[in-house]
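You will see chain A twice below: alongside chain B first, and alongside chain C after that.
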Partner chain A sequence: MKGTSRGYEESVTAVFSRLGVALEEMEDWSCCGSTSVIAVNKVLAMALAARNLALAEPTGLQLVTPCPSCWLELTKANNAVRDGGKLAEKIKESLAAGGLTYNGTTVVRHIVEFLANEVGAETIKAHVNNQKYVGNSLSGLRIAPYYGCQIVRPYSDTEEIYNPQNMEKLIEALGAEVAQFDLKTACCSGALMATRKNVGLDMSKQILKNTKEAKADIVVSACPLCQLNLELAQFGNSEFSGKNEIPVLSITQMLGLAMGISPRELGLSRSILPGVAKTITNMQKQKAPATIGG
Partner chain B sequence: MAPRIGVYVCHCGSNIAGKVDVKAVAETARNLPNVVVSRDYQFMCSEPGQELIRQDIREKDLDAVVVAACSPLMHEKTFRGTCSSAGLNHYRMQMANIREHCSWVTEDPAAATEKAKFIIAGTLGKVRYLRPLAEREVPVVQSVLVVGGGISGIQAALQCADAGYKVYLVERKQSIGGHMAMLDKTFPTLDCSACILTPKMVAVGQHPNIKLLSYSEVEGISGYAGNMKAKIRHKAAYVDFEKCNGCGICQEKCPAKAPNEFEQGRGQRKAIYTLFPQAVPNKPVIDKASCTYFKNGKCRACEKLCKRSAIDFEQQDRIEEVDVGAIILATGHQVFDAARMPQYGYGKYPDVYSSLEFERMVNASGFSQGKVRTSQGKEPEAIAIIHCTGSRDQRYNAYCSEVCCMYSLKFAHLLHEHSHAKIYNFYIDMRCAGKGYEEFYDRLLNEGVRFVRGKVAGVTREVRDEAERGKLVVQAEDTLTGMIRRIPVDMVILANGLEAQKDSGDVGRLFGISRNKAGFFIEQHPKLNPFGTSNNCIFIAGTCAGPKDIPQTVSQASAAASGAITLLSRGTALLEAVGAHVNSDFCSKCLTCVSICPYQAISTNGDPDAAVSVDETLCHGCGTCAAGCPAGAIEADNFNDEQILHEIEGLFSWTRAIEKKAEDRELAGAGSGSTTT
Partner chain C sequence: MKQNILYEGRQDTGFLDEIAALPEGERVLSCLQCGTCSATCPVAPLLEHPPRRIFAMIRAGMRNEVLGSLTPWMCSSCYECTVRCPAQIKITEIMYALKRKSIRENMVPRDSDTHRFYKLFTDIVSKYGRMNEMMLILRYMMFNHPIDLAAQMPVGIRMFATGTMQIQPHKVKNQDSFNKIVQKAVSLEE
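For the complex of A and B:
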């Protein structure tokens, strides 16, 4: 978020401040371990994630993460500690070595679920309707909700794992149309893009193609890495250039635009695809007469 | 007079002796108080082993016996017999389980040996206080209740009835036949399912010894061994079955339609309907939810047309009570609901069919008259059959449903007969164990069915190339080639697994039968009594006890029937002697015991001021009341406080006893040393 996904971070900050939800960045947070550490050392991976849970516990605050991978690892570590088996003992030992204790009480939430269920579509609708600056209203555009895999599988307390609905609720709150597509919970290839580029690229391209078949104007993503991969798959690719380019926004960039926050504040200029904000404005202009006329 | 106890330590081959030093254990037991004799033997349950015990009882005048061997579930009966044949009341015999509780579950031999000693010491503490008890014999009612009218219930009912016993066959639907009636063909012989089933259904309907209670459900069971009372609810059918002759005019003329459950909702039926043309009994019922009269208060067409005046809109549910000596549960299964696996597209794409839907599709009297067509009415070019839908999957049912591989092969064969489509079978493993089953698999390989070894990840309409446009694409990892396959097809047939009926928990509670994790009823012994249950008057048959195919179901049903026949022909049942007794001086009439007794054996006999009392015939001696009584007023035979406290005391006193023995020996040794010098 501080590196490749600064745009996502900036948009999260901007949107939450407008919504009046105070976000407090955890002091001294560490990497969750993501998918790589667990492949090498399970205890280490779980301890890395649990360290953040332990740091958050005394604050009594809920831990909201914009990244599905973090959410997954933190949830996994939470489950392990709560199950209280041998793994829990080892995690607690590792934490104790760093002078930390964790009792399993930290609540971990992904930002999409938080926005859909805690903030709620109604609140967001109110913010969208109240704004004065309507230049980037998304109403009438078709938006493809791309969940990726990690926020729905294997853990999904509130959502149907192959047909989640939280993003749909948010898209509809903006007055935009949902472009349903089959691959909305497929994997974008994650870090495979770096190690097996041909395989990874193909996976991301399939998702993009599928959104195009669903006649989507914009793809919205809930994950920094998905957003990056879906942009990279288009970059320098004639299949997706010019008119065929499909802007990929993070969930908060999408909400921010509809709430009238400037593209600059939402970090849109940091997108890999050039001129995303302009592309969206143009789309909106094309649709607008039809919308007004209709 | 001090009790005279014999201890018998079994090696059980190497099962116990492989971990436990049985000689040392027998030696230790010999030194414990009141132990007159302590022996070890290779197989205590063998005839020579039992003879050892009998001899000692006679010659050494034993008045209590401890057999340190396996679980009482295994051999308590054996050793009870041993003792009673030598003239010792068999309730003075107690087993010390040093196999399941000790040798099998302890890694360290030294620790296992010590543990065995503890277990025996505890049992010795208890056995001194065991009271001699006597079982009572009661006559067995000469009739059988069979619950469920599928093939297993039909088989069991016919067999009991043929043996000359009265049978009440209860079926919740309006016709017997169960799942087998829905099947088109049966594997591997490809017999027409209905053709082999309907003669048996007719036989049930006509048998003088069978009272068929269709459209009925068992609501309550009371009574005791061999003398049970079943409360049966006859659901209001709004048709007088006595008057109805099954002419069918009402069905023909009824204007209201509803999805046909027999056709898996793919066809339509009337509001007054029989399940299928060969139904037994061939009497229709009115479905209140879809009947025009019940909905709008107008119509009554069936009533006007019925020449026998059999329609009765005022009919109410009716309760009947029957006395039975044995019960056979044959309540069957339900198929896995594939909507729980949205990745396979069931319910989302119209051309994804469940197994039963396909059975009806391919059946000549089914919803498409046996024609295999897509939802667009076209003949499919390619069809995928997906094995293990909901089975062998930790997220759904972890177990193998046993029949799906074989019926999937049958589907493939039927598809060859009914279409020109290319057929793909996606499987995890082919499980074709059974008579002629592997040969059938071989036959299908030769018929040109394509087999892809890989669990299907999903069925999608997402298009990757033009060949996939308008198709259902089945994605799977082909684990034989190591490639990801995407196979476009026009139709997908799921091999839905079998699972326990959704109300199997209620049925289990009603009859007092436990269920396994998956919800299937548990047999008395998985190997040696796979049709009996923990209640020796209740038997289980068919898929209510786990997935199985038709031959296995029929075999188990016959076995269950023979269990019931054996019980009835013996004429008497033994009532367990262990029971609960109330000390009325301590009873505060809180009635906790009345509410927790699973057998309704405790009551105040209608007098609110009296202490509770236990009906000995109903009591199973489970001890729930004794544990639940806040005043300690109830005592369960052979599990009373005195016995249990002495068992605990036995455990702890063992260390003390051994220490004392060692001290005595030391003293004696010192003494004898001094005399020699």
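For the complex of A and C:
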């Protein structure tokens, strides 16, 4: 979040502070290992994830993560510890070597689920309607909710696997239209974008094309890597240049814009595609009814 | 000449049991060969051995062919197969297990160096506690993919301009405790 996803991080901080939800950055967090460490060493992957759970436990706070892969790996480690088998012993023994203990009580939530169910669409709607600058309203724009894989599979028990609705609820709260598209839970290719570039580009392009078929103005993503991949697939690609470019926002960048937070504070200038904020402003102008402001 | 027939004597009869004995392999014996995994896998059309066939090959004791297959290295961990499998086999987890086995037994296919990416990722995280994307991409691409790396220059420049590419790796604060956890976990790997 401090690197390629700085924009996402900045928008999370800005939106939560505006919503009045006390968000503390977890003290001394470390990488969850994602899909890479577990391909090399399983105990290490689970110990890395569990280290974060152990650090969060004494605070008694819920652990909210903006990244689906973190959510998945932390949930996997949580399940392993709670199952109490051989792997749980190895995880606990590893943590103990570093002076940590974990009893399996940390609650881990992904930010989309937290925003949809804990904060709620009504609260967000109230903040959108209360904002001072109506200029950033997203109402009338068509937004494609792109979930990707790991929020919904394999662990989500609050969402239907092939038709999750949490992002739809948030989009509707902003007065924007949902652009429904078939590939909303398809894979962006994940790390294949680095290891098999042609395959990765192809998978991400299919998703972008599908959102265009659904006449989406903007794609909203709930994952730092999906956001990056969908932007990389467009960067320097004539198929997606000029009018064909489709801005990719993180979930909190989208909410923040509708809540009247400045694009700068939301880290929009950190997008790979230059001028995303301006592209969206132009779309808003085109869509705005002529009577407004008269 | 390419050998297309698997003689009984070349089968590794213990391979199925070995996979079934893994914590993630408990349900592998219930595979129906229905093909749902291959039908849902987004990269299946690119694979010589789509996931259904991998399970048939495990059952047939084709140890070398399975551990030398490209399939696990093309798995993007999308978990489509896992949630759809009617036999509730943890397919994505088995793909991870096959990757680990393939690395450990030096069976990684020649036409893939994805394992290098995973190892570099693991090395960086084990050392600093956090990821440094530039270090990962540079180390991964510098020698083996120099042309692709050169093609990435415009993206790299853009990322420097936006402040999303950082040279200095972030580190965890309690490095001593972190190192001990890593060392212990590595020593306990099954």
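The working rule: the second predicted complex is superposed on the first by the 289 of 294 C-alpha atoms of A that agree within 3 Å, B and C clash if a C-alpha of one lies under 4 Å from a C-alpha of the other, contacts with A are read in each partner's own complex, and residues count from 1 in each chain.
Quick note on the criterion: a residue touches a chain if its C-beta (ideal position, glycine included) is under 8 Å from a C-beta of that chain, and two chains touch if they have at least 3 such contacts.
Everything quoted here is computed from the prediction, not taken from an experiment.
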| item | value |
| --- | --- |
| Fit-or-clash call for chain B and chain C when the two complexes are aligned on chain A | clash |
| Which superposed partner A:Asn282 touches (first chain B, second chain C, both, neither) | neither |
| Touched partner set for A:Thr59, first chain B, second chain C, both or neither | neither |
| First, second, both or neither for A:Phe181, with chain B first and chain C second | first |
| Winner by number of chain A residues touched, once chain B and chain C are compared | C |
| Touching partner for A:Ser94 - first (chain B), second (chain C), both, neither | second |
| Contacts of A:Ala47 with chain B and chain C, given as first, second, both or neither | second |
| First (chain B), second (chain C), both or neither touched by A:Asn163 | first |
| First, second, both or neither for A:Glu213, with chain B first and chain C second | first |
| Superposed model, chain B segment overlapping chain C, candidates 455-463, 491-499 or 545-553 | 455-463 |
| Chain A residues contacted in one complex by chain B, in the other by chain C | 161 |
| In the complex, chain A residues that touch chain C | 2-7, 28-31, 33-44, 46-48, 51, 85-87, 90-91, 93-100, 149-150, 153-154, 161, 186-187, 189-192, 194-197, 199, 203, 232, 235-236, 269-272, 274 |
| Residue numbers on chain B that touch chain A, as the complex places them | 342-343, 458, 460-464 |
| Chain B-facing residues of chain A, complex | 160-163, 181-183, 206, 209-210, 213 |
| In the complex, chain C residues that touch chain A | 23, 42-43, 46, 73-74, 76-80, 82-83, 92, 96-97, 99-100, 103, 112-115, 117-119, 121-122, 125-126, 129-134, 137, 140, 148, 154-155, 158-159, 162-166, 170, 172-174, 176-186, 188-190 |
